[in-house]
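Following: one structure in structure tokens, then a few remarks.
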Amino acid sequence: MALVPWLFLAPALLMFGIYVVAPIFESMAISLYDWDGLGTPKYIGLGNYVELWSDEDFFTALRNNVIWFFGFLLAIPMGLGLALLLNQEVFGIRLAKSLFFFPFVISQVVIGLVFSWFYDPTNGLLLHVMAWLGMDPIAVLSDEHLVTYGIVIAGLYPQTAYCMILYLTGLNNLRPDLIEAARLEGAKGWTMLFKIVLPQLRPATFIAVVVTIIGSLRSFDMISIMTQGGPYGQSRVLAYYMYEQALSEYGYRMGYGTAIATVLFLLMLVYIVFVLYRVYRQEQETD
Amino acid sequence: MARIQLEKVFKAYGDNPPVIRDVSLDIGTNEFCVFVGPSGCGKSTLLRMVAGLETINGGTLRIGGQPMNEVAPAQRGVAMVFQSYALFPHMTVFENMAFGLRLSKVAEPQIQKRVGDAARILQLEPFLQRLPKALSGGQRQRVAIGRAIVRQPGVFLFDEPLSNLDAALRVQTRFEIAKIHRDFGQASTIYVTHDQVEAMTLADRIVLLNSGPAVARDGSVAQFGAPLDLYHHPVNQFVAGFIGSPKMNFFAATLHSAGPELATVQLPTGETLQARVNAQALPAGAPITVGLRPEDAEVGTATQHVLRNVQWQERLGESTYLYLDSGITSDPWVVKAPGNTFARAGERVALSMPAQHLHVFDAQGLSMPRTIASHDLSLSVPASAMTPSTAASA
Amino acid sequence: MARIQLEKVFKAYGDNPPVIRDVSLDIGTNEFCVFVGPSGCGKSTLLRMVAGLETINGGTLRIGGQPMNEVAPAQRGVAMVFQSYALFPHMTVFENMAFGLRLSKVAEPQIQKRVGDAARILQLEPFLQRLPKALSGGQRQRVAIGRAIVRQPGVFLFDEPLSNLDAALRVQTRFEIAKIHRDFGQASTIYVTHDQVEAMTLADRIVLLNSGPAVARDGSVAQFGAPLDLYHHPVNQFVAGFIGSPKMNFFAATLHSAGPELATVQLPTGETLQARVNAQALPAGAPITVGLRPEDAEVGTATQHVLRNVQWQERLGESTYLYLDSGITSDPWVVKAPGNTFARAGERVALSMPAQHLHVFDAQGLSMPRTIASHDLSLSVPASAMTPSTAASA
Amino acid sequence: GDLVINTDASDPAPKAAFEALVKGFEKANPDVKVKLNTFDHEGYKTSIRNFLTAEAPDLATWYAGNRMAPFVNAGLFEDVSDVWAKEGLNDSFKSAAASMTMNGKKWGLPYTYYQWGVYYRKDVFAKLKIAEPKTWEELLKACETLKANKVTPFAIGTKATWTTGGWFDYLNMRVNGYEFHMDLTAGKVPYTDKRVEAVFDKWDQLTKPGYYLANHASYQWQEALPAFVKGEAAMYLMGNFAVAPMKEAGLKEEQLGFMQFPEITKGLPKAEDAPTDTIHIPAKAKNKVDARRFLAYMAKPEVQSEVNTILGQLPVNKNAKMPEDTYLKAGFTMLSNAYALGQFYDRDAPAEMAKAGMDGFQQYMLKPGERGAMLKRLEQVRQRVYK
Amino acid sequence: MFPTPIIQTSRPTQWLYRVGLPLALLVWLLPIIAVAFTSVRGQGDLANGNYWGLPTEWRILENYSAVFQNTPLAHYILNSFLVTIPTVIGALTLACMAGFALGVYRFKLNLVVFFLFVGGNFVPFQILMVPVRDLSLKLGLYDSIAGLALFHIAFQTGFCTFFMRNFIRDLPRELVEAARVEGASEIQIFFKVVLPLVRPAVAALSVLIFTFIWNDYFWATVLIQGNHAMPVTGGLKSLNGMWVAQWHLVSAGSIVAALPPVLIFFAMQKHFIAGLTMGATKG
């Protein structure tokens, strides 16, 4: 009887263990070696990490991760704003909601293509808009200072849609009695939003924060599609840099790549622990 | 300042048949009015229309003499206690109670004082800094009441405030609500419940609402009156059946003859009974329904009686319910007998059905007026009990 | 074959203090046993241990004489009805009822027959092909019962089966459960409830469970006996207070003198009362608690009486509850008076406290034995009522 | 027996070339059955690492120069010096021999290459009366004239940074010469060397006046083509593969000219970039005998001609037939007279260095002012990579 | 409800809303509309820089058939299906079983195992890249559809288990207990009681996972090299290299690649959103 749950768990645990859990530790182990993926790995202790410490590109990537992190968080208020706009019962609103959600369903590869074209300095829409506003056009994706922001904006497009859906569901589950009670007490508009509605949306906000942060740290697709890290590596983030170091045409430094991944993992671990702690507390409450 | 007047109030959700039709009530300052009725009859809807949470589709609502149909909820001077309490889960007890005051920019010392006072009255002082989730059901209920009190409203509205509490707590909180109402001299209270005991014990006047087709026929209000009025003089069979627990026993009969004070009715089983009602409006032979409350019937031959078989009994100690084969339909007659009564299934007993306790309804369910004075039904404590005497010895 | 025996049964969840301690019960074939007790006292736990859904940490469970501690639920020959009904939402009524039979590979015609029979008894025939979500609460409850019946178990277990139903349906289903129990000759039933009326009306015997520290002191069982035994002869103050509604009035007093049949007690207010209990085990002057049920007190001077002020009254029509200032603590005495009683707050009334209705408890809460025979408390329907007579005339 | 060949010939022309090769070989050697695996051009660069170590084919295509170093060092390629000796390739493949030699041995067979050089708009030059520049000064002059007439002198797209490598190669080879360029890519000279600075001093003369297409970092090299085709830009330093799309876009031969990169340091012998594609026998191959036969077949002059005609590139065997195509012909002549051939920056320098270098060149082209910092960084990379 | 229903607001506000909403929608979807338009443009529009106006000629058939005839797009799409469908089935099967174990049984390591899945679900998957690639190589699954699908199954099992476990845990425990009393074995409970009840969750998850996997790009890049196994996201990227500046073809390809998840989203919208939020709001 005590065995039953383990039998049901076995296949999932096996697969997950082999493909997810073990590789995490393997990666950490590989990060202690110098290995090009061809010859025999050479143990160099923390050598890769020491190198990271003096690697400008690594810090550029780290800095870009920070930009992604904060920039991406904008998806949350924007998603909330959209959700508030759409949380109505008028004719056709269901369709409108799904259309607003659309970008999330489409592959990031496609979104990336669309946005690189949006930024295109010969014919992009941005060019036209800026020209129309009488500004000098900017080649966003080849400007080292703007490029990351440009990609983040592209990334925000689907992410905002995602947050919007989370908030729409959250708004759907608002307790009407609390809203009514607050209305009787004289709350409306912003007061209602900040004092009554947002606190109730906390679960939605929490999950929006979780997926957004994880999305920002995993960000890879957009960069790969839109700039491949360029110009001269200025739009790389850790996730992309590690790929470039470990597997790209000019890469094949497995040890170095995994060292970057390990750093990324440790950053994320802080966050995972926070999430797990919250889930744990919730479990305690419901049990 | 807090008299509530409804005039021909009407409400329908969308294209559905009206939920509330033709409701005219005048609830005086300091009156405690209870809405009762079957589930879905529109009690909450009516209450929420008073609160301003539901639009009024027709008729006029006045509070303190002012028309209120278009006034925002917060401006009506009403405070409401919800069945779910509707406490803001992210605010402490203090913040919950102070919320409305803060929004209306009452000065902070004033807030402190008012909340403090309310907390003292409701014995919530130790909990002021707690979140609602750290309170028991009864305490939460008190916080909800506290939040209503501090705003010193002219009208208190309660929507089934006790239905989430367990039996013991319900009794206690019922008490508190009555007390608060008495202490807040000016305010009127409307209280929604489906629990008759609450209705009977709390109300100055009860509004019993119709549901279903009766709404279209008679309007939403089945009867509006003092609790014992509804108990003793129900206007129709619906009210008679709704008020009282266990339910009044109903059985078909025909009118044999009717005088100004007394009517004679004949049961399908052949027995005839006399009832102190004026049924002269009906022709002899008219089909009628007779009603008798379980607590008004008696086992024995003290008055006019019939013989029936016991189907089953339930002994609660305090009293015994006998289920008798009515001989008319398969529904048994329920009789509430003293706790020491004991009867075996199949035993035949005499059931005394006093003429002054029989209710008679016509084919439409309308009551025939009972010909007994109210004071017959409502006696003061026996005078003898009031003579001073020192502690008794056996 | 379906006698249930528990011997020193023990249960603790994890490292928490024991929930169930030292429970020894012997529930006979065809007996209807009800577990009552305050919320969280372990009623469900105990029931689930019998069902095999919860492991037993100590002691022995026997069903039909066989030790069952280690036997899988399905092999115990028990059927259980859950508070939530636990109908499989994806199966029709028929499939729900046939589920267990199919699993135990009963032949299909046999299944058809058994389910058909049960459906007939429970009037579920029109619904056999419906999904549970298309049924009303009461119908679902009946399906749950049906699923239990078809397996023809030796033991029926019910865990608060009525608590999700509304009042009227509750009464009706209570009736049905009693009937089913009577019809299934061999089976024993254990029924968990926190509703006293259910317990009193259904049980052959009641097990009242302790909760909190009393479990550690006295074991889990507070009293095990016939319903009226618990009503009339509670072993301690907890049982006395738990059984009966409204609750028994308790007040502190001291023992003045004690004889074999009669004890004299003195109230803090100075009055002395006599009680028909044997309190000889206590020394004179011992602090005691006196108990009197609201329905046993009377307004008037019929027997030994005291004078008290009315605080408040609640008029239900059928009866009137008077809340009297006890003069001892702030808790009022509750008196259940006839429905026509009327008293104003502040009025002084005589309260008759018959000696044979007073309960006395020692400082530990143990009851002093009452010196009245059981048959004094439980009378058959008066003989006079049983003389044949034709329909009465006024 | 069976012969398995892995190629990156996913584009139409190479694919056809290999199919023809296989057909010819099978006809000549009826006992051998060839299986051709065609990989996606980009994906092949990673795939080869996998199949060389795991399940090796009998032949695999790759690139000359430093690009093959990791595999040679890891012992994954077969030494084919014997084939070279036996077929007399040391002579007929002389121009490419150096790029196939490591540790004194030959590790594969080069089978095709193509020239780099400056493609220019004859018509635009004619209109503005510009003669084909032969020297740096003439080039600068031409640029000035073009610029003055609102024509961008050079088209380039640096979104994929390798295009900058061509510029660096040529500037370096013309300023400092082939040997220096090879020393630099072999990591023997620091990037902070004065001679490297000198290269950038020349480059400055193009970047600072804005002689390159604006926003070049936003374009792939193909995306820069329209400017050239429309005549908005007049020159394009590119490999010969650019001719096909240029023609496709509508440029006629009378509009499109080809010239050698002008001289900078007087008298310095001119070396050219000519990336070479190669084919190797993996060390773990199963059928090395037939693989060698295939190499021998592939080296034949007539086979070289046939294949390269299909490829639209130059045969490596000097005995092969001269191509017909105008630009190839020009290239052939140029390369035949070249002092030496470079493979291209990203094949001559190790991968990591190449990546950093090309990123750096792109940065420089966008921000000429940052060249000092950029070179310092390249020097750091160099010290790490070549240690 | 919040915000105030628009019907209860003043006339002008209502009109503003009714006009503003479609406008906002238009702006929001502009990138996608532009792609859709471009996918039917002719070369002429592109040469003239007409990227954002209405197409002057509608070359629907030409462009789309060009995309299919001259490139392996159809093959890429087939690959995507071959990866996605087994992944959905596999991950859900594993997750149903694991979710059942974690949701129904109380055992010591329950929470630990659960956290393993939740935590694993959140790791940056770059850290798995090198080892997973090596593992696939060793198993001979590198550059194969099976290899990619197996990895996706394993990784998605984390998320699906998290989701299923929460869903199963919210089922009334009594159902399992009732089945047990009725004599069902644990396997029977799984198949006859729990599985039928988790159908909504399965539906929600399968739609969601379908889109996730269909849109995966990273793992396609890491684990697949050749066209023979490349799913459509990766394929589109390589086509993008081939179709430089041929925006009409890029757009047509993008539209084709985006179509399956979009169709699924519209067909199964309810499930899709349930999937996003049900599993999520539990976190």
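To keep things simple, chains are lettered A, B, C, D and E as they appear, and every chain counts its residues starting from 1.
As a working rule, contacts are C-beta pairs under 8 Å (C-beta built on N, C-alpha and C of every residue); 3 or more make two chains touch, one makes a residue touch a chain.
Only a predicted model underlies this, so the values are computations on that prediction, with no experimental measurement involved.
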item	value
Required minimum of steps from chain B to chain E, each step between chains that touch	2
Most remote chain, CA-based centroid, reference being chain B	D
Chain pair with the greatest number of C-beta contact pairs	A-E
Chain centre separation in whole Å, for chain E relative to chain A (CA means)	16
Mean-CA-position distance for chain B and chain A (Å)	58
Whole-Å gap separating chain C and chain E, where each centre is the average of the chain's CA atoms	56
Multi-partner residues of chain E (each touching 2 or more other chains)	none
Per-residue multi-chain contacts in chain D, two or more chains	42, 46, 53
Pairwise chain contacts, counting only pairs that touch as defined	A-B, A-D, A-E, B-C, C-E, D-E
List of chain A residues in touch with chain D within their complex	36-39, 51, 56, 119-122, 139, 141-142, 144, 227-228, 230-233, 244, 247, 249-253
Of chain B, residues touching chain C in the complex	39, 166-168, 171, 175, 178, 196-197, 200-201, 227-228, 231-232, 243-247, 270-274, 293, 295, 299-301, 303-307, 312, 314-319, 321, 336-337, 339-343, 347-350, 352, 355, 377-382, 384-389, 391-394
Contact footprint of chain D on chain E as seen in their complex	137, 140, 142-143, 224-227, 230, 238, 241, 244-245
Chain A-facing residues of chain B, complex	48, 51-53, 72-74, 78-80, 82-84, 86, 88-90, 99-100, 103-104, 147, 151
Chain A - residues contacting chain E, complex	2, 4-9, 11-13, 15-16, 18-24, 26-27, 30, 84-85, 87-90, 96, 98-103, 105-111, 113-115, 117-118, 122-125, 128, 157, 162, 165-166, 169-171, 174, 176, 179, 188, 192-193, 196-197, 203-204, 206-207, 210-211, 214, 217-218, 220-221, 224-225, 238-239, 242-243, 246-247, 254, 257-258, 260-262, 264-265, 268, 271-272, 275-276, 278-280, 282-283
